[in-house]
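These notes are about the structure you will find just below.
The first chain written gets the first letter, and so on, giving A, B, C and D; residue counts start at 1 in each chain.
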Amino acid sequence: MQIGFIGLGKMGGNMVRRLTKAGHQCHIYSDDPAERAALAAETGAVAADRLAALVAGMEVPRTLWLMVPAGKITQGVIDDLVPLLAPGDSVVDGGNSYFKDSVARAQVLAKKGLSFIDCGTSGGLYGLERGYSLMIGGDDAAVARNAPIFASLAPGIALAPRTPARENGPIAPGEEGWLHCGPPGSGHYVKMIHNGIEYGMMQAFAEGFALFASASADTVPEQYRYRLDLAAIAEVWRRGSVVSSWLLDLGADALAENPDLSAYSPRVADSGEGRWTVIAGVEQGVSVPVIAASLFERFSSHDDAAIDARMLSALRAKFGGHKGVPAANSSKG
Amino acid sequence: MQIGFIGLGKMGGNMVRRLTKAGHQCHIYSDDPAERAALAAETGAVAADRLAALVAGMEVPRTLWLMVPAGKITQGVIDDLVPLLAPGDSVVDGGNSYFKDSVARAQVLAKKGLSFIDCGTSGGLYGLERGYSLMIGGDDAAVARNAPIFASLAPGIALAPRTPARENGPIAPGEEGWLHCGPPGSGHYVKMIHNGIEYGMMQAFAEGFALFASASADTVPEQYRYRLDLAAIAEVWRRGSVVSSWLLDLGADALAENPDLSAYSPRVADSGEGRWTVIAGVEQGVSVPVIAASLFERFSSHDDAAIDARMLSALRAKFGGHKGVPAANSSKG
Amino acid sequence: MQIGFIGLGKMGGNMVRRLTKAGHQCHIYSDDPAERAALAAETGAVAADRLAALVAGMEVPRTLWLMVPAGKITQGVIDDLVPLLAPGDSVVDGGNSYFKDSVARAQVLAKKGLSFIDCGTSGGLYGLERGYSLMIGGDDAAVARNAPIFASLAPGIALAPRTPARENGPIAPGEEGWLHCGPPGSGHYVKMIHNGIEYGMMQAFAEGFALFASASADTVPEQYRYRLDLAAIAEVWRRGSVVSSWLLDLGADALAENPDLSAYSPRVADSGEGRWTVIAGVEQGVSVPVIAASLFERFSSHDDAAIDARMLSALRAKFGGHKGVPAANSSKG
Amino acid sequence: MQIGFIGLGKMGGNMVRRLTKAGHQCHIYSDDPAERAALAAETGAVAADRLAALVAGMEVPRTLWLMVPAGKITQGVIDDLVPLLAPGDSVVDGGNSYFKDSVARAQVLAKKGLSFIDCGTSGGLYGLERGYSLMIGGDDAAVARNAPIFASLAPGIALAPRTPARENGPIAPGEEGWLHCGPPGSGHYVKMIHNGIEYGMMQAFAEGFALFASASADTVPEQYRYRLDLAAIAEVWRRGSVVSSWLLDLGADALAENPDLSAYSPRVADSGEGRWTVIAGVEQGVSVPVIAASLFERFSSHDDAAIDARMLSALRAKFGGHKGVPAANSSKG
């Protein structure tokens, strides 16, 4: 089917590639003329030089897929796009928007006869080849109309063996790699929690490998000083262990290339979704200690001269005459 | 090759099955005559009715593999076994022993000319078919001599696609699913950290699904009240998402069978290994907030009438006249 | 000076008592005729039977102090009150309102020429005698005009010895127990963080005493089985130790009355302020692991049959055939 | 009474001063001739130039108080001292030794007819004037014989008002600031937990003040950008608030001297006791999330280039092409 794509970066570009390969007709737009021209040349997609031209070149009812940064940029594109659309058109936000924003946007668009679909999209750079895991919120009719797009972007059932308890049953929702989760907002909500879980899993691996890596430090008690091959451990765990996972596969690759990970920054960015998941826990009264701890570790990784640590030093100095550890002396510095 | 197997429970029995299928000659022993007779009948293994008979029936140098509960039971078997062995024999502890105990045992056995090999074994009930991920500590010669056993128990390289950074290289240690990690103790050490990571990953999933499940509670703010199909979400994540993992596969299976997980206890046991991993973090000075939080959640799951919560209620009553929430009134009770 | 008081519960009633004792003229109102009559009889305050009568009975510029539950009730009183007031009047919210709400209310009132003052009030039941620690947000003129009220409610400088670094200096802001923190919202903001810290301190004590109390459990290793007198420990710490604090004083009192705290519920309520403090950390990118953990422990204290624990049990059952600990068997059940 | 004091540093020196002021006859020894001479000159204590001379100069039964660093140094002094003593003598370890070591030492000394007393000592630099909170483990007779020493070192009942529930009762154990907790080891055990609680309280304050301090960062959302006077907030909380405490008094002093705490190191040392408290939680199966988080924050404060953060960056780079935040760009760098 025909689809309009706005935002042709790392994610959006690959999604257009995957869709054209599947036979869909993509109309594309991004702010960068060179980017859209190159993608059009590569894929046969129709590039437009303005949003209005993108919309005008499509048949109604249209589907416009946004793959742009969450927050102000997404809102700006929606503000520009909505006046160009006609009742019956759909707007899909495939980015990492806050689900509360998506609920609000769906309400605004519904008043104009437009369907808003929020589509949480997981898969990253590997999605081009493997397909994307899609978590979709929206009204039934709009989601149904766009099912061919979702089916082409998703990996399909064969990417994983069927779950034993489902082996003899019909194909259930979700098994093909895309899921209509519920009303608008629910797609981004499920994606938000997905990313919260991802934070926790990543931090669990990070802690485990840190325990291995610390073995070479002089400060570590003798009995822990195993000289371990972290990359080899990642490999052995990839086959048959309980922690085997896509994140472990990625870690194994990073360690194979760069065994001490010195090529990677010790400062870790956090997207909005980890923060929102913790807020969801707090607002729902659900205990999320692991996801919160994972988020806080990222905050701390930015923090070279934190007031909180200085406060601890100050209190210790005051009550016991302890001095803070001078920087030059720090155990891992 | 020939191998003696002691302990024929869920893990040990399947390992004997996998080894006989691979052509190894298994001599087996367990305390339970019916258990050993049934396994001998099924697999063609040679059952012994006493440890001494097991040992006497094997050719030197022997390998005796223990698959019995960690702690006192493992120690008891080793104490009974060692006097029966001859210099050059190997004892493999395939259980979840504390690595500090394994180091001590290796030292005791070495004085008698025996090799102690600690083999962390992951894979659980699925190992029979998939193979076991093996993390091995021991001296080079003993590990090399027993390599055929490890290779047969392990999944082999084909269980997972090769790591991209290794695709054109020779097969590296670990890629076949077993790894000689280092000297005695290192196998159980690596397995211990593996289980610590596993705790964190499990808790991350538990928190995420708890956020979904809470949506139906009246105490949850309106905007979070999505009625979500947890089993379908697990399916969609299994294909293409960042959190795809073996644990997710298992969770998807449990949710497909029992969507509200009511068949499972809300009280979660903890093995020694989660505890030891946290102690390793503390003793090494390595921050392990996620693994610790995961362990504490398991502790808390046992705790129906905790003094710590009562202390909080007492302090609140004292300073503000707050009353604790009566049990009948508890939000999720 | 003259002041109008709305809300005569545990906190409000004592504040009226303290203010009348200090010579201020209190006009009082609550929904409960008996409550306001009794307080008027006791203190000589002027009781009004309607909000309009309360306001009408006061001289301009008036100060109306609200001591009612945060959220909808506070908003309702403000909505009823504002139309009755005249430019130049002040409204003080002494409750535990969310600072974001206070900022919004101040903006609404400012448009009508009214001053909104948010006054975080700590001290609980002991405030009548000791005085209340007051954290105040509002415009300079309004705070200055109401300074006599704040000074009478606050404990005054003598409640604590002067801070050594200030001993020879002039009396600094805050030293008399009330502080103009900044513009509207800042008072409730400072109070919110105060309560977040309080959560962490309480949980720290709760954990420590739980370690003492657990010593009598059979599941605890031998070396920890000291039979300790928790109430006596609280006493010894009250004199000269680093943890001496008002919360410890309260804990010592609770333990003296009820050594095993069995009179107190193991379910601990959480007010909004702990939640908002964690959200503040998340939204500011500031790591608050202790305050978050304290909040989550309160959430968990309500949670008798949590899906998260069941998910852990399900995963364990799936991969290893582990069974959850049956309820009847739980170590502390 | 007569007492021998070994270790005349910050703590030991002040304890000798306090004891001589109370009329006790102190015999003193330290490795540093100038230190012991100066203290002897100041206090009238009898300085010895060797351990043997110290012991020889005292009447039996002797009490020797050790105030030296925990671990190897304490063990070394005990090893040197024991052969010099006679049955009936007491050795008091007033340092922060691990309670498990104290239990072992008591057993060794008991075989020689010596009493070992472990005395957890809180109060730091302020103890000289205020007295020390003493948590004591040992056999009844030895503790009773040394009661005059404990009573003089302790603050006495007047340091704090009596607990309301005890006001009309006899003076209970602990109320004078020293407590015989139980058999050997129990004193250091109670002190260990005390320090664990202290970690949690300190971290709670550190987090709260960090939230205030962050308000000036450009990365913080507008609504949190209150410019607050941290030192004034500490003052207002000192009078009448729920968080009033000795630690707050100390924090107020540090902030009054150095409002941005820039004089204090952001690297925070950890003593053994925080670590041991977390291990106690783990070994007892008691959830101690706040104490553990406090300890981990100290670990993290040392860690400028941690492998765990690099692992997070590596995983993010692998799955999404995210780059770590370059150091020069870090939000608080």
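The criterion applied here is as follows: a residue touches a chain if its C-beta (ideal position, glycine included) is under 8 Å from a C-beta of that chain, and two chains touch if they have at least 3 such contacts.
These numbers come from a predicted model, not from an experiment.
**Q** Look at all chain centres (mean of CA atoms) and spot the one farthest from the centre of chain A.
**A** Centroid comparison gives D as the farthest chain from chain A.
**Q** Given that chain C and chain D are copies and touch, would you call their interface same or different according to whether over half of its residue numbers are shared?
**A** On the two sides of the chain D and chain C interface, the residue numbers are mostly the same, over half being shared.
**Q** Averaging over Cα atoms per chain, report the distance between chain A and chain D in Å.
**A** 46
**Q** Averaged over CA atoms, how far is the centre of chain C from the centre of chain D? Could you give it in whole Å?
**A** About 30 Å, centre to centre.
**Q** Which integer distance in Å separates the CA centroid of chain B from that of chain D?
**A** So the centroids are 39 Å from each other.
**Q** Send over the residues of chain C in touch with two or more other chains.
**A** In chain C, residues 124, 203, 205, 207, 210, 214, 242, 246-247, 253, 281, 283, 285-289, 293, 296-297, 300, 302-303, 308, 319, 331 touch at least two other chains, as defined above.
**Q** Under the definition above, what is the set of chain A residues touching chain B in their complex?
**A** 100, 103, 122-124, 127, 130-135, 154-157, 159-160, 163-166, 172-179, 181-183, 185-186, 189-190, 193-201, 203-205, 207-208, 210-212, 214-215, 217, 219-221, 223-224, 226-229, 231-249, 252-253, 256-257, 277, 280-281, 283-291, 293-294, 296-297, 331
**Q** Write out the stretch or stretches of chain A touching chain C in their complex.
**A** Where chain A meets chain C, its residues are 242, 270, 275, 278-279, 281-283, 285-289, 292-293, 295-297, 299-300, 302-303, 308, 319.
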